[in-house]
Structure formats: C-alpha cells, structure tokens
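In the two complexes that follow, subunit A is the common piece, with subunit B as its partner first and subunit C second.
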Partner chain A sequence: MNEKRHMGLKSLNRASNTVIYILLIIISIVWLLPFVFIVLQSFRVENTYQVGYVIPQQWGLDNYIRLWTSDFKRWYLNTFIIALASAVLITIIQLCMSYTLSRFRFKLRGPLMRFMLILGMFPGMLTMIILYRVLADLGLTQTNAVPGLILVGVASSGMGYYVSKGFFDTIPKSLDEAARVDGATRFQVLYKIILPLAKPIVIYTILTAFMGPWGDYVFARYVAMGTSAGYNVAVGMYSWLTNDQINNWYTTFCAGGVIVALPVTILFLCLQKYYVEGVTGGAVKG
Partner chain B sequence: MKKATALLLAVLMLLALVACGGGSGSQQPATSPAGDSTPAAPAEGGDSASTGNELAGTYDVTIWAPEAAVDLTNQQVADFNSSNGMGITINATVEPVSEADAASNMDTDVSAGADLFFFAQDQLSRMIKDGAVTKLGQGAADFVKNNNNAAGVTAATSGSDLYAYPLTADNGYFMYYDKSVVPDSDVDSLEKIIEDCIAANKNFSYELENAWYNAGVFFGTGCHSEWSTDDNVNFTLDDDFNSDNGLIAAKGIYKLVSTPIYVNSSNADFASGSAVVVTGTWNYATIKEQLGDNFGVTDLPSFEVDGQSYHLGSYSGCKLLGVKPQEDAVKGAAINQLAQYLTNGECQLARFTEFGWGPSNNDALADPAVQADPTLGALNEQGAYAVPQPNIPGNWWDIAKTITTDIKESDGSDEALKAALQKYEDSVGAADGITLAG
Partner chain C sequence: MASVKLTGVKKIYDNKVVAVHDFDLDIKDKEFVVFVGPSGCGKSTTLRMIAGLEDISEGTVEIDGEVVNDLQPKDRGIAMVFQNYALYPHMTVYDNIAFSLRLSKVPEDVVFEKVNKAAKILGITEYLTRKPRALSGGQRQRVAIGRAMVRDSKVFLMDEPLSNLDAKLRNQMRAEIILLRKQLDTTFIYVTHDQTEAMTLGDRIVIMKDGYIMQVGTPTEVFEMPKNLFVAGFIGAPQMNFINTKLINEGGKYFVEPFGVRLPVDGEKGEALAKRKVQTRDIVLGVRPEHIRLAKPGAGAISCTLIVNEMMGSEFHLHVETKDGTRLIVRVPTVDLNKAEREELVSGHEMAVTFEGKVMHFFDPESQTNLLV
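Coming up: the complex of A and B.
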C-alpha cells in the first residue's frame, strides 16, 4: 500500500513537471522566435522587402556584404568607440566614487549621497534639451557626435554608485586597515585589495557601461541631427525603416541587427558567471 | 601611483570645467545664427533673378535629401554649377535625411539644420513655427505659381504666402491589386473586392486607422474639411464629418474594418498575404516585383450604402523643398536660385525617370512618359475624387485616426457610429490651436 502511494506521488510529480516543462517550452519559443526570425531573414536574398514566410527561399550573404558597402560601417565604428570609451571611463569613475563613498568619511557625505539619489530619480529625458544646447555650443554635435555622446554618458556616471558601493561595504574594513598599517596608500588599497575582491562588480560595471550605447536612440538621434557620419547603429538603422526605404533595406536591417547583437552577446557569454554574482552581490549587506 | 591619480583627477576636473563653461559662456553665439534672424533677411528670398553677377561666389550649402535621391541631387547641383550663368558655385554636402524626418530634426535645432531640405507637406506648419523656412519673395512665388499645378501651389501655401518649392505632386494613394484574386470586372466595387478576398482567404490592406486614409472615405460621401491658417499659424477648421454624410462614410468604413480580412497597413503586403493594398507610388517598384504578371493598379473603388454608391476619396499631397532663412542675404538668394533649379521641370523629370516620383511641374506633367505611367495614371484617375491636402496641424491627425478605431470596436449600429463621430467632433473642439468654424 505504501509502495502504491509512493508511486502515485511520483507520477503526480512527473505530471506536474510535464506541465511545467510544456509551459516553459512554449514561453521560450515565444521569446526566441523573434531572434530566430531576424537571423533567418538576414540570410534571405531573393528580395529585400517583408514577406509572409520565415524560411528563406534563397540563402546567401548578400545582406551582410551590403552592410559593408553602406554607411553601416561608419555607424558601427561610432557605436563601438562610444561603447569602449564609456566602458573604460565610466568604470573608473564609478569605482572611484563607490570606493570614496564606502571608505572615506567626510563632511556632507550623507547629504551628497542623498542628493545624487534624488537627482537620479529625475528621468534623463528632462535634461535632453539643455544637454543638446551645451553640446551644440561646444561643437560636439552632428559630425562630432561621438565625443559628445561619450562626454554625456561619462559625465553623470558617478551617480550610479549604489550597487558597487553596496558591494564594497561588504568587504571588511579591517583589510584596508591592515594594508594601511603596512604603508599602502588609499589608491593602493583600492587597486590591490578591494578591486580583486570585487571582481564580479567590476565586470558588471564594465558590461552595463559597454552595453548602454548600443541601444541609445533618442539622445543619439538628437545629437547627430541628420548627419550620417554622426549616427550610431540604432539611429542609422532606423533611417532604413521609413516608408520609402523599408522595401529596399528590410533584410539588410535584419543583418545589421545580427551584427549589432554579436559583440554584446560574446562579451555577455564570456562574463556571464560574474554578471550574476555582480547583480546580486551588492544586494546583501554584510 | 599618486601621480597617476592626480593626473586622472586633473583630467576629470578639466572635463567638468569644459562642460560647465560651455553651457554658460556660449549663449551668445547660439542666439545669433541664421535660424533666428526673422523677417529682415528672409524677405530677400529668391527675388534677385535679374541681378546675376551680384550672386557670384562660392557657397557651402547643406542639403537633406532622402537616401535614394542623394546621388541624383549631387549630380543636379553639379549641373546647376556649370549652367547657372550667374557665377554661383554651390559646394554641396548632401545628407540622407528622409523627407518624413526633416521637421523633427528642425524642431531640435534650426541653426544646425540643412540650408535646403526635402520635406513632406504636412510638416509645413511646424517648419514655419520653427522658423526653418523662408517666406518666398514675389519673384520666387510667381515662379512657383506659374510653373506648378494647383496641388503643388496649395501645398506650399500657408496663410496668403508661399513658403517652399513644390518637388512632387504624387503624395496620394490608390489601389494596387492582385489580378489572380480580384478580376478587373470587380475593381470598382468595394463589396465585390471584399467578397473576392474572403473567397481566396487573402487580406485587404488599407490603413484606415490613419487620418490621411480615413478622411478620404468622408470626402467620398460629400463631406468637406477646410482649413485656414492665419499668419501666426493658428488653425480654423470647417468640417462636417459629424453629419448624415459622415454617418454614411462611417458605415463604409465599418463595412471593411469589420471583416476578418482587413489589415491596417499601407506597406507592400502582397508577399505576406494581401490581395489588395491601398498605398502610393513609393511602393510601386516593390509591388510590381511581388505581383509580376498579376500586377493591377487603379483608382479606389466605390461602396454602397442604402442603394447609393459612393466613390472613395483621398488626399493628394506634395513633397516640398524648403530653404532655411540665411543670415547672409546674398547666400540666401543664391540658394533660392538653386532651389528653383532643383524644382524645375527638367530636374523633376529626372526624379520621375529614376524613382517614379510624380512631378508637380506643368512641363514635366505634360511629358509623354509621365502621361503613360501606370501608377501616375491611377493617381490621376483618383485625382477626380482627391482633395488637395492643405496645411493641417499635427494634433488633428491623432484625433481623426481614432474615428476608425472607435468604429472598429463598435457594433456597427447607427447610434454607435454616431457616437464615434460625436467623439471626434468633441475632441477636435477641445484641441489646442484648432478653432472650429461655425
């Protein structure tokens, strides 16, 4: 009898698992389909407009070749430069900021942190007009949009200190003190003690800083103002989707989407292990 | 290590300084550029045809043209340089900016905008508000009026003045159909077309949830929608969409949108399941390729309500070439000369040959190739039922498109349709910058 009941439980378990798996499979299909669709469309060469089927009738690399003969090259390079510069500069500033706020005690530290927290609550959109004006007067718009976008991205990066400060707070202060006693400078403490211990959070910071510019559309479009040489990939590719362009560029657009996804995906796969640790790492205060 | 830190901090401070200093210190140059210099300079616009040599010189000019037209525009500017006979040399930078995007870029910053730009006529009021277009002088206005058809002149007019040069008069829509699904004998009747599509399980693409398309149905039943603009770009609307005729139009819209085959789209949908698409000349090449031998094109059909037949109407519109106000009046006059060249019959015909853009210029319209073009033929047939699109404020489009949405969600009863029209009238009455006449 016991045996029988045990079996019943087991089959019940199996049944519920089956239901859960079926549900998950359906959800993942829904989620993955657009990506599969874009990849397949990017290899479709029989025509360049939207069609009602998914599997290409003729396969080829024409769309990718076309990307290299269009302005896309320039847009991609622009975005890559912005992403790389942002990743380096934002990471340095943000980590220094977090270290300072975590380890130093100075006047107005509390008010400063609260002030930045409140500033961060205003939607970034609100500052767009004045930022545009400032950049235009500095000559950092249109063909010079790239340094302009880097400047804007980096200038406010100190405010994103919360996560890494939270993580730094979990590293025992006695480690710092021991190092200080041994003669280390403040910078050496950050560089030699804190950073190696905070590797996940460093990588998380680099990743988010690198990924941001790839999706930037609204502000990037403002700054480039109709100058192709200053477009990033999002703005440039969107210009292929107007009424009179889409029939010509649709499949090329899909190919562009795949190429844009590549560096981010590769970086993500390589650093994924740290990413998860980084996101949750700062959340628990030790 | 300390040195490195110090250096880093110094760089950061410098960056901060540059960012702050730029903001406050450079207000002055921002207020002076061409965009803000009001009437004095722009009044010169293109009035100096006789004063040839005064315009001699080299001018740097930025031009926004749609991606497809960039090469041709460069070539036409070169032709202008060699043929103008006034010693004008234009050093042009042509940037690919869609004519649909020109106004949103100009909204951002007129001073950084192009000197010469292609734009769709519905953006004219925004351009005037932004101070992005020059009011044409008497000579230039006469040039436009003498050389272009009525639609082109209407499109470039706001209040009592002209503000731009017509480039095309093909911004209208008509019907493309798949001959294997809809026989030629059925193309005049909306009901028969719907039946054919249902029988073949094919879609009917007609972007009725867009005021540019649904207003046409109202024109078809005899409704009118007349706009007037004062010189401060305030709008007055005189329309009767909420009337007995309007109700007939609403019934016509319900006929199509209540069927399962209705698709709210104006794209080249033949490859994705449609047998009929209501769209314009810009999709011609693609649709021709999609349909091959089954390609059919004609004017819009008629629909029947209570035994009476009503031919679907439409808007017809234009693309325009705008000239930005210039600080340097001589440069302004030179650019106006270029604008007149780019919109003359020869250049319009070249655009027709390369991209199928229908001309607004009278000479180009008389050209046999233009006369024989199938899509322009359909556009012409539809022209009898088309209303030239006047200067309309942006918010009206957003209000009027909800008529279709409301009709689609209704049960099709007279009360429900009337309610949708009443809601439209109330919303327009409450809208910013629009005054209802009467």
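Coming up: the complex of A and C.
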C-alpha cells in the first residue's frame, strides 16, 4: 500500500515536472527568438531592408564589413571608453564608499545613508535638464559627450552603496582589527583583506558599472545633441532606424546589435558564477 | 618588553554610557596581568583601548613611558589575539602568520625562518599550507597566537582567547599559554571572564565590575583577602557562602553568631579585629565552601538539612539548608568520608557543619567592603 502511494507520488511528480519543463521551454523560445532573428539577419546579404522571411537566402559578412566603414567604429569606441572608464571609477568609488559606511562611525552617517537612499528613489531622468546645463557650461556636450557621460555616471556612483555595504557588513570586524594590529593601514585592510573576501560583490559592481553606460540611450542622446562624433552605439545605431534610413541600414543595424552584445555576453559568461553569488550573497546576508 | 601604565582612563560611548571609569593601573615589564569580570564589566573595552582599537575618552595610556593615545594600533608595539581568532580566511596558515612581517617589508627568507620557528613552537608546521577553514578550533587558536608571536611586540594582548574552545582543549591551551609566556618573556595582558584562567595564568589579577576596578592583586591576595563582597563571590568556585549575622566584641574577644550558634573568632583574624578596635556590629560573614567542615551535632555546630549532593569525583558539593532557610554550599573531599558516611549523604539527611575563625571573612553590609582590608 505504501509502495502504491509512493508510485502515485512519483508519477504525479513526473507529470508536474513535465508541465513545468514545457512551460519553461516555451518561455525560452519566446525569449531567445529575437536574438536568433537578429543574428540571422546580420548575415543576410541579398537585401538591406526588412523582408518577409527569417533564414537568409544568401549568407555573408557584408554587413559586418560595412559596419567598419561607417561611423559605427567611432560610436563603438566612444561607448567602450565610457563603459570602461565608468566601470573602473564607479567600482573604486562605490567600494570605498561601502567600506566607509560599513566600518567607520562618524557624525551624520545615518542621515547621509537615508538621504542617499531617498535621492536614489527619484528617477534619474528628472535631473536631465539641469545636468545638461552643467555639462554644456563645462563644454562637455556634443563632440565632448564622452567625458561628459563618464562624469555624470561616476558622480553619483557612491549612492549605489547598499549591496556591497550589506556584503561588507557580513565580514567580521575583528578581521579589520587584526589586520590593523598586524600593521595594515585602512586602505591595506580594504584591498588585502576585505576585497579578496568580497570577490563576488566586486565582480557584481564591475559588471553593473560596465553595463549601465554600455546600454545607455536616453541621456547619451541628449548629451550628444545630434553630433555623430559624440554618439554611443545605442544613439548612433538608432539613427539608422529612421524612416528614410531603415531600408539602407536594417541588416547593418542587426550586425551592429550582435557586435554590441558580444563583450557584455563574454564578460557575463566568464563572471556569471560570481555574479549570482554576489547578488544573492549580499541580499541574504546583508 | 615594556611597562604599560593607565592613568585615569575612561571610556564614554556616544550614547553617554560610561563603560570604563577612571582606570588606574601600572603593569610592570614582563608581568602577566589578567582582567577578569562578568560580561559588560569593561574588561575588553579597556584592552581594546590599550590596543588602539577603541578611542580613549579621558586619561592616558603609556607603553614603555610613551603616551600612545593618538597612535595607530600598528605603531603601539602590541600584538593581539582575538576571541574569534580573526584569521584571514582567504590566506593559508603560512600567509596568515607572515602577514604582518610582509607588511613591514621583512625579507622573505627572514619571514620563512620566523614563521617556521613560530609554527614549530606551536606544533602547527604540518598545517602551514592549509586554509583556516580546514583547521579545528584549537589549531586556529594556535595560528592566531603564532600570528601575534612573530611580531616581536612589546606587549601581548589576549582577548578571551580560550572561550571558544571546549573544556578539555581549554585546559590544554591554558597550560600552553603558560609555557608560551615563559618562552616569549614579554608583558602580557589577558582578558577573560573565567576566574580559573585568571587564577592560574596571572601574576596579578584585575577584577572589574560595571567599569570599575574592584581589586588588583596576586591570585593569593584576591583569594585570601577579597576587598569586597563582589570579589569574594567572584573568585572561588563554588562561590563563597555569605551569612548575615553579628560580630560580637566581648572585652577584646570576638565571636560571630551565625544561625544562633556562637563561634569564636580566634587566631590571626581575632587579633586583626582587635587591632582595628572593631566594636560589636552587624556584618556579612563570608566562608568558602571548602572551609566548612562536617561536624557532630551539639555545641558549636550549625544543624542543617541536605538538599542536593553533587558528586564531583574528587569531592562532594553539598547544598544544605539551615533552620532559617539559608542555603550554604559545603565542599567535602571524597577521601575524608568512609563508605557509611558517603551513603548517608542523601537529600533530607539531617546533619551539622562548623568552621573556624581563621577562615572567616567579615564584610560591612552597607559598603560591602572587607573590614580587614
């Protein structure tokens, strides 16, 4: 009788698993289709405009070659410089900020943390007009959009302290104290003891700091103000999608999309293990 | 090797809580001083102020004659062992011990020599390539001690280093700390809440309560001449029995009358009372459990009923209740009793106890201080 019930449970389990898997497969197909579609279009050479079929009739690398003869090169470089500089600077500032808030006790520490939390709740778009004004006065718009965008991204980076502070809080303070007695300065404590222990969160910070500017569109477009030399890839490539351009550039646009996705995908695949650990570790323990 | 001097040291936290009040202490070169007291008495805070991990609100700390109040921990010439070991989890045992040497740019061959020497002394050579998580509690504590050893510091600070270990390991490590102290021959300041550790390790013991020093003295001094009721109760296990009674002065001869039984205070204690011209008065009488003897019922014996008998192996801890309901603890060595006497010791057994004048302690019920200190 027990065995019977056991068998019953087993088949019920199997049935529910089957349903779950079918559902998951459908969702993944829906989710993956656009990517597959874009990759396929990027290799199509017979037409440059949208067609009624998915599989190209003629395959080739023409679209990719055309990318490198267009302004895309400049946009890509712009984006890469912005993302890389932001990633480095934001990571340094954010980790230092988090360590400070986690370990030091100073006047107004609590109010400062709450203030930043509340500030962070306002949509960034609200600041666009005044930020543009400031950047314009500094001469950091249009052709100089790249340093302008780096400045804007880095300036507010300290406010994203929560996740890494939460992670740092879980590392016992006595490790800092032991290291300080051992002769380490505060900075040595951070990079010799705390950061190696917080590797997942460091990688999480680098990844998010890199991906933010990499996919930025609204602000980047606003700061570049129609000057192609100041575009990043998102803004530049969007200019190919206007009514009078799309028929000329559609497949090149798809090739650009693939190239844009590549570094982020590679970065993500390499660091995926730490990324998951970083997000969940910080959240649960923090 | 250095002396440590604390003058009027005070710790006031931001929320105005005073953790340590006017702490004055002179620690001599190569002395082993133990801070002991219940949790929250300020002993760890005081140690951390000496280490530089906690700001000093008032007063000065001097190490080797130099005021170190504003010096960073690394510049104070101290080494410290933490309660939770505080080993760096991402480094091997070797790297943990070598950390401070590398920070001070010691050549790698000297580092190698020093780490191996420390490891040999502590018996952890075979674990040098392991990470701390692959070690047992006792081994971790050895690594923590090793890390402190290689610094060749002037003062060795230990913050409850044994309290995370199990009882057996604690006894073993305690003996090893005594040996270590002989080898290092430096000044030690050791914090613990365990009076056994304090008694066995310390040249001098500082007993603290609520941020105040209750008594400073050698283990013998604090055991035989506790300054007040707190020290008397804190040092010694099981703790001293306290009896509210009267001290009677009859023409220079002294008596106490616990539970209506008149006992003479003769010998040294009687002379000391006479010298101080103590008059008849109320007192709290203190007697240690090991100083109470079993007696035959009759004159000079306090009759009582046995409540609980704890057999400790080498001795019995007898919890007895007197006629007025006061509980006393009596410690009787097992070898002092024959088989028949042992078998009598069951709950409800009517018995009698007594003690002599030389083992009595006299405290003022108001100020709680010892009348003879």
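The rule we apply is simple: the second predicted complex is superposed on the first by the 275 of 286 C-alpha atoms of A that agree within 3 Å, B and C clash if a C-alpha of one lies under 4 Å from a C-alpha of the other, contacts with A are read in each partner's own complex, and residues count from 1 in each chain.
To be clear about the criterion, contacts are C-beta pairs under 8 Å (C-beta built on N, C-alpha and C of every residue); 3 or more make two chains touch, one makes a residue touch a chain.
The structure displayed is predicted, hence computed values, not measured ones.
Trainee: So, on subunit A, is it clash or fit between subunit B and subunit C?
Mentor: After superposition on subunit A, which the two structures share, subunit B sits beside subunit C with no clash.
Trainee: Just subunit B (first), just subunit C (second), both, or neither: which does A:P172 touch?
Mentor: second
Trainee: Kindly classify A:Q188 by the partners it touches after superposition: subunit B alone (first), subunit C alone (second), both, or neither?
Mentor: After superposing on A, A:Q188 lies in contact with both subunit B and subunit C.
Trainee: Determine how wide the angle is at the CA centre of subunit A between the CA centres of subunit C and subunit B, giving a multiple of 10 degrees.
Mentor: 150
Trainee: According to the stated criteria, A:A155 is in contact with first (subunit B), second (subunit C), both, or neither; which is it?
Mentor: In the superposed model, A:A155 contacts subunit B only, not subunit C.
Trainee: Which partner does A:V39 contact after superposing on A: first (subunit B), second (subunit C), both, neither?
Mentor: neither
Trainee: Have a look at where A:L197 lands relative to subunit B and subunit C in the superposition and call it first, second, both or neither.
Mentor: Touch status of A:L197: second partner only.
Trainee: So in the superposed three-chain picture, is A:R180 touching just subunit B, just subunit C, both, or none of them (first/second/both/neither)?
Mentor: The second partner, subunit C, only.
Trainee: Go through the superposed model and pick first if A:M225 touches only subunit B, second if only subunit C, both, or neither.
Mentor: Touch partner of A:M225: subunit B, not subunit C.
Trainee: Report for A:M211: first if it touches subunit B alone, second if subunit C alone, otherwise both or neither.
Mentor: neither
Trainee: Which partner, once the models are overlaid, touches more of subunit A's residues, subunit C or subunit B?
Mentor: B
Trainee: Minimum C-alpha distance between subunit B and subunit C after superposition, to be given in whole Å.
Mentor: 11
Trainee: Based on the A-chain superposition described above, do subunit B and subunit C contact any of the same residues on subunit A, and if so which?
Mentor: Looking at subunit A, the two contact sets intersect at 185, 188.
Trainee: Looking at the complex, which residues from subunit C come into contact with subunit A?
Mentor: Of all residues in subunit C, those touching subunit A are 14, 51-53, 72-74, 78-80, 82-84, 86-90, 99-100, 103-104, 147, 151.
Trainee: Which part of subunit A faces subunit C closely enough to touch in the complex?
Mentor: Where subunit A meets subunit C, its residues are 105, 172, 174-175, 177-185, 188, 193, 196-197.
Trainee: Using the touch definition from the top, list the residues of subunit A that touch subunit B in their complex.
Mentor: Subunit A reaches subunit B through residues 47, 49-52, 71, 92-93, 130, 132-134, 136-138, 141-142, 151, 154-155, 185, 187-188, 191, 222, 225-228, 239-240, 242-248.
Trainee: Which positions of subunit B touch subunit A when the two form their complex?
Mentor: Spelled out, the residues of subunit B in touch with subunit A are 1-2, 4-5, 8, 12, 15-16, 18-19, 22-23, 26-27, 29-30, 64, 66-68, 95-98, 100-102, 105, 108-109, 111-114, 266-269, 271-273, 282-283, 285-286, 289-290.
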